[in-house]
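Below you'll find a set of structures to go through.
Each of the next two complexes has chain A plus one more chain, namely chain B in the first and chain C in the second.
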Partner chain A sequence: MSEVAAGHLAGEPAKVTRTRSLARIAKEQAANIGWIAAALLAALLVGAIAIRIQGIDPLSAYGAMATRAFGGWRAVGNTLKAATPLLLTGLGTAVVFRAGFINVGQEGQLYIGALVAAIIASADLGTPGWLQILIAMAAATVAGAAWAAWPVFLRVRFNANEIVTTLMSSYVAILAISWLVNGPLRPAGVAVGSTAPIRPAAHLPFVPGTPIGSGILIAVAAAIIFAVVFNRTPLGYEWKILGHNAHTARYAGLRPARLWLLAALASGGVCALAGAIEVLGVQFRFVEGLSPGLAYVGILVALIARFSPAGIVLVAILFGAINAGAIGLEMASGVPAQISSVIQGLMILFVAAQVGLRSLIGRGPRGSH
Partner chain B sequence: MLDAFLSWTMVETGIRFATPILLAALGGYLCQRAGVFNIGLEGTMLSGAFAAVAASFATHSWALGILGGVLGGVFAAAIFALFVVSLRTDEIVTGLTVNILAVGMTTYLLRAVFGVQGRFASDQIVMVPPLGLPLDWIPGIGSFLSSTSILVYLALVAAIVINVYMRYLPGGVRLQAVGEAPAALAASGLPIARTKWLAILVSGGLCGLAGTYLTIGELGQYVDNVTAGRGYIAIAAFVFGGRGVGGVVLAAFLFGLVDSLAIRTQGLGLPSNLAFTLPYIAAIAAITVVGARSRRVSRA
Partner chain C sequence: MDDSPALRVDGVTVEFGSLRAVDDVSLACRAGEVYALVGENGAGKTTLMNVIAGVVRSTRGSISVAGRPLPVGDTRAALQAGVGMVRQHHTLIPSRTVAENIVLGHEPRRGIFYDRRRAAELVAGLSSRFALPIDPNAVVADLPVGLKQRVELLKVLSWDVRIVILDEPTAVLPPDEASRLLDVMRGLAAEGRTVLFISHKLKEVVSVSDRVGVLRAGRLVAESAIVETSIPELASRMIGEDAAAAGAFLGVDEGAAARSARAGAGTPVLAVEALRVTDADGKQCVDGVDLDVAAGEITAIVGVEGNGQAEFMEAIAGIRDVASGRVSIGGTDVTGLDVEARRQGYLAHIPEDRLFNGACVSLSLRDNLILGFHREPRFRTGPFFRAEALRAFARGLVGAFDIRARYLDQPIGELSGGNIQRAIVARESTHDVPLVLVAQPTRGVDIRAMATIHARLRELAAAGRAVLLVTSDLDEALALSHRIAVFFRGRILLGGETREIGRERIGLAMSGALGT
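So, the complex of A and B:
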């Protein structure tokens, strides 16, 4: 079932040809951006109705939102800060979904990365701050990757449905971490479940001369690496074949176990990195409830961007702007900031509807059903 | 120590925990029989949980609270059906979206409608009363049976009705045919889309009841994300339960018992958060067993 799902998800995998002209690619991307923009407008329109019902002028409300998201460097910094975990977990979704392994345990992977980074960055290693940051991020990545691996084993060895095992894995990880930060790891005299604060030297620096955290640079670099792997390496090509049709892939001599494992390791690593950056650049310690479902929004981002790294960068920044802007919206008009998740959820529905409508009209990827 | 585990209290707690899992699992079971893998159970349940509290609070009536919960579930399920059946979107993507959207909508509405964050409690929320069957005389479990919520009995009735429907009535047979041989059915002119819609809407009602039980059946308040993954455990339950309703009931009860065990182990000194991982680990184990079994069958 998951192969089928992934085949549908992967956009238009049937059109994989090495000789796609640049003009063709540009045209497809433009069409995708057009669809995404249409979905955004539709979602904002429904949001406007919700705001109107509360007796507030939607235009001025959205104005406050835009100002908060883009009005000045500080605002841009906040938007990019909010976009960073969405971008990384979006990449962590794209890589597994492309390979046809429907890992949806990104939230737990993020938590593991956040915890490991907090433990290492709060310890006195006797190293310079930059080295401690690197060690913390590397250890977080390795831990997240390791945690993401066992559902692949259960799937390959026992045919266990990975959607359920990975969803469950997040609950297990988050509860176990909650136990750790409320018990063994909690510093004395602290009321909330948390680790000790990280050392100031291990704070992720800002981009020099700006209020922009360097986390977004790491995330964009990750997106470039993923794009190169997806589009320019045999591995990326094999993932695509496997995600499109597992049977074809087996006939072609590809080994699903190896490819899924690599995809899951990459997914776990990059999602854990998202958690590490949240700790090193935003929260400066691990606090219980660190992520209010950030990775689930990252899944949405990847779905809307149809698993293209470039698209994920764009949609993550858009969603980051909506999240950051919603705070301005609440301060200016009293509309609850949670309206951001309503707008984002509606967007994915509208994007899904377009895919559905196109396939009904007969132009889409899903010809027979 | 052993009798601490094998007490009637444990069975009673197990039944209480099993109730929402059973209701949602029955919904997922119906969908699966109709050829739709519905992973939107979690969000559908959450939607029902919220609507039940809102309706009970607004009308001061537990009956209307139940109705509200059912409608809340049906509403979320209708979105799922519209996209999956009518617009033919991918069921996994759509199910996940329903779950994420439900979290967003309920946290938003909690603030927009009730002006609170995190939880909503009020003495205006009327809870569902016990059925009050005169069963006190039964040794051990009698006082539980007479004092437990109407919704627990409703879950059992739902299981029986669905069992009868699927086994003996033409509608149920048709529903299974939709799931198993859609091509043959399309050729015979039976309404596939309508059957799938119906199965999904009914599953929405059942998930709505599950959410209702969590809020106005047990807690008496609404807490953000109150379903806490029970919709996903319900998936494990109906997959583990197999092809018959009896198996689903048994699986749901087993998961309820594990929940109850988690509470128990807490009393024995295991930290609560660690104990609460048990049901999720049990679900992983169950899915693994099912997978291994299906592989053996397909190899044979």
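So, the complex of A and C:
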């Protein structure tokens, strides 16, 4: 049996074990990227059929998409702008899912952040623009975190299923905000539900000398912080234990209520930050229907990336490119921009199919005795 | 007696990916024979049995029953051909009755409907024919583990099988029920059936079987008539070392050695007073237990499973709420403290179910070894882990406890049961705390792991810790403990110094036959 034949770990020099494990990690990462690339390719192939049915040459259509997504600084700016909310809500998904708390209320958290940021950034605080931006983002983060906390209480106190409570919390938030921006908060003379425009000084600046919004920098910084917390701190370790086996966590004396609360606060905060950046850097006021389900796409991004922050950055940029590219495609050839949803949906399907494929290809069942 | 083989296994090989679990095994069994299969964990015993019973598909080789080849990987065909298996982990449906479980798959019908009454009659008939009394209308969930196993056996016998396979049938049974089961096995053989069984208990192998086969690393390395071999020889074949070294693993007269090494009655570390615990259904599962465990002492709790031992341990660990009573450790009342607070300086815990509680199977060996140590300052720089310090710590445990893994980042679930248990024992016994709770530490582990674990428990006591052990293996309790308490229906029915309590009285107390 393998355990008898395999080298005895204790007897080997420390270096060997370490190198081996690094090689294994590298191999696993390469395999993950390979699988995602395979899913993308498969999705593009099936998408090509859909495009072909409309009588358009898929290759030139995809060419137009790629140009619109990556051809020049402006295109890159659009791709990254589209990627930013997906990245942040992806992180907001990873942190709770890792801890075994299936929060799906990201969309509502994003809306709360967007509204709070819009209210603060449109008010005259008498502060410099940069300070107003910081206050708006901080307040949005706190509001989103607070909103994400109560489903944890319901779960811990009454064992209420968090998938239901968080999903409902999203509807409550979005509909309450809809009432606010159609009622008390709507400026006079505006037809659509919205807040007043934010002050020009409070617009999120571009990265100097480029057409790239600075939102992506905030999002990538958040990804780095999450990666460090996940992999380098006791908190990230305890989230992992709790997410993998709640019984072990309880037996070892970890405190699920506290861990879930921290995860939910982080999730709510980072998703609200996504909303704030949409307002401060893209829309410049809160408009009803601000997000066409961005946070749900963020959940998918996190699932595809298997909750790894680095993976989420990559997949979010990929999805941002597909979204940005699809708009160019529509303008160039008349293929509806919804093709981006088709391709992303197919990717999810193929990624989900991989779980089954991997077990078929990779290895058979494990030996018992 | 008919000499044609009732069962022939011919060149069977089973590969899981690159792993060869069973390697070209051939054997033959006669009708009327009890054949025991022994070997370490991971030697391939269960896999081989699964192939014979049609649960696992072999890569190569064939099985034939009474000269007729058996289709591979088809349990139903195997049952119809007369091969049935009683599995180590029960496969009954807990919410259904005994009769429903037994007839499942070949239910008596009236028209298109299930015939409940005839099912009950069939089961009553089987029960009296094989002298295995059971109430056909009892709900399986309400039965004690020994009776559940009886249902499993009747379920297999209901197919009128000629070959009965049992996988570690006595592992969960108290001594008297185990010996009764061995009688039943002999009875089945006397009727001309073939009984194949897997066991880690060499004593019972020698007492019940006609022949024995030894599997090591998937190969059948020895086969012999039972009268021509001995326990030390079997043990040495299992671990592949000479008989003298194997003697050490068998721990002959370990108990006497441990007791003589005892440093006199120490001060009480654990003091439990009038502890009552109520389970989720409102049943009083621990009913007023008083128990002290002194420093330097191993106290063993024995009893038939389900008499409150598991709940008692969980209550001390803080995982389960107590209804009333007091738990003190080192003079401090910890009754109101949660698990985290109790583990901080009071106790460590080797839990009963290692895969359910003790380990995260999908996480790495390193992640599992550092659990509980991960907040210590020596492993951190500010808020951040010192990854090298954690690895060095984990590597130290791997070396000290002989945990066999390919690398520290290997998911612990890929290791054998014995190695997972060694890892948990390593982790928990390294905590600097006065009390160590240990539940079923060697269930299902091979003798080599058992030896490591027993040695470690003795070291802990010798170093002045108090060790509270729950085990359903009476031999283990007698070998390790200074004192024994027998649990029956949530109470201690018998307690005292191990050397003064006789095995017979313990057996009586376990079955509730002993008055207090």
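Keep this in mind: the second predicted complex is superposed on the first by the 338 of 369 C-alpha atoms of A that agree within 3 Å, B and C clash if a C-alpha of one lies under 4 Å from a C-alpha of the other, contacts with A are read in each partner's own complex, and residues count from 1 in each chain.
Just so we're on the same page, a residue touches a chain if its C-beta (ideal position, glycine included) is under 8 Å from a C-beta of that chain, and two chains touch if they have at least 3 such contacts.
Model, not experiment: these values are computed from the prediction.
Once the two complexes are laid over each other on the shared chain, residue contacts for A:Val342 go to chain B alone; chain C is not touched.
In the superposition on chain A, contact of A:Val207 is made with neither chain B nor chain C.
With both structures placed on the common chain, the touch criterion links A:Val172 to chain B but leaves chain C unconnected.
After overlaying the two complexes on the shared chain, residue contacts for A:Lys240 are found with chain C alone; chain B is out of touch.
Judged by the number of chain A residues each one touches, B leads among chain B and chain C.
After overlaying the two complexes on the shared chain, residue contacts for A:Ala138 are found with neither chain B nor chain C. Contacts of A:Val282 after superposition: neither chain B nor chain C is touched. When both complexes are overlaid on chain A, the residue A:Arg232 reaches chain C alone and has no touch with chain B.
Annotation: chain A residues 1-2, 5, 8-9, 366, 369 touch chain B in one complex and chain C in the other. Only residues 14-17, 19, 21, 41-47, 50, 198, 217-218, 317-319, 338-344, 349, 351, 356-363, 367, 370-372, 374-375, 380, 383-385, 387, 391-392, 395, 398-399, 402-409, 414-416, 419 of chain C touch chain A when the two sit together in their complex. Within the complex formed with chain A, the residues of chain B that make contact are 37, 39, 79, 83, 86-94, 96-97, 99-101, 103-105, 107-108, 111-112, 228-229, 232-233, 235-236, 239, 271-274, 276-277, 280-281, 283-284, 287-292, 294-295. Contact residues on chain A toward chain C in their complex (touch as defined above): 1-10, 14, 17-18, 20-21, 24-25, 228, 232-234, 237-238, 240-241, 244-245, 247-248, 250-255, 362-369. Of all the residues in chain A, the ones that touch chain B in their complex are 1-2, 5, 8-9, 50, 54, 102, 104, 154-155, 158-161, 163-165, 167-169, 171-172, 175-176, 178-179, 182-183, 293, 296-297, 299-300, 303, 335-336, 338-342, 344-346, 348-349, 352-353, 355-357, 359-360, 366, 369.
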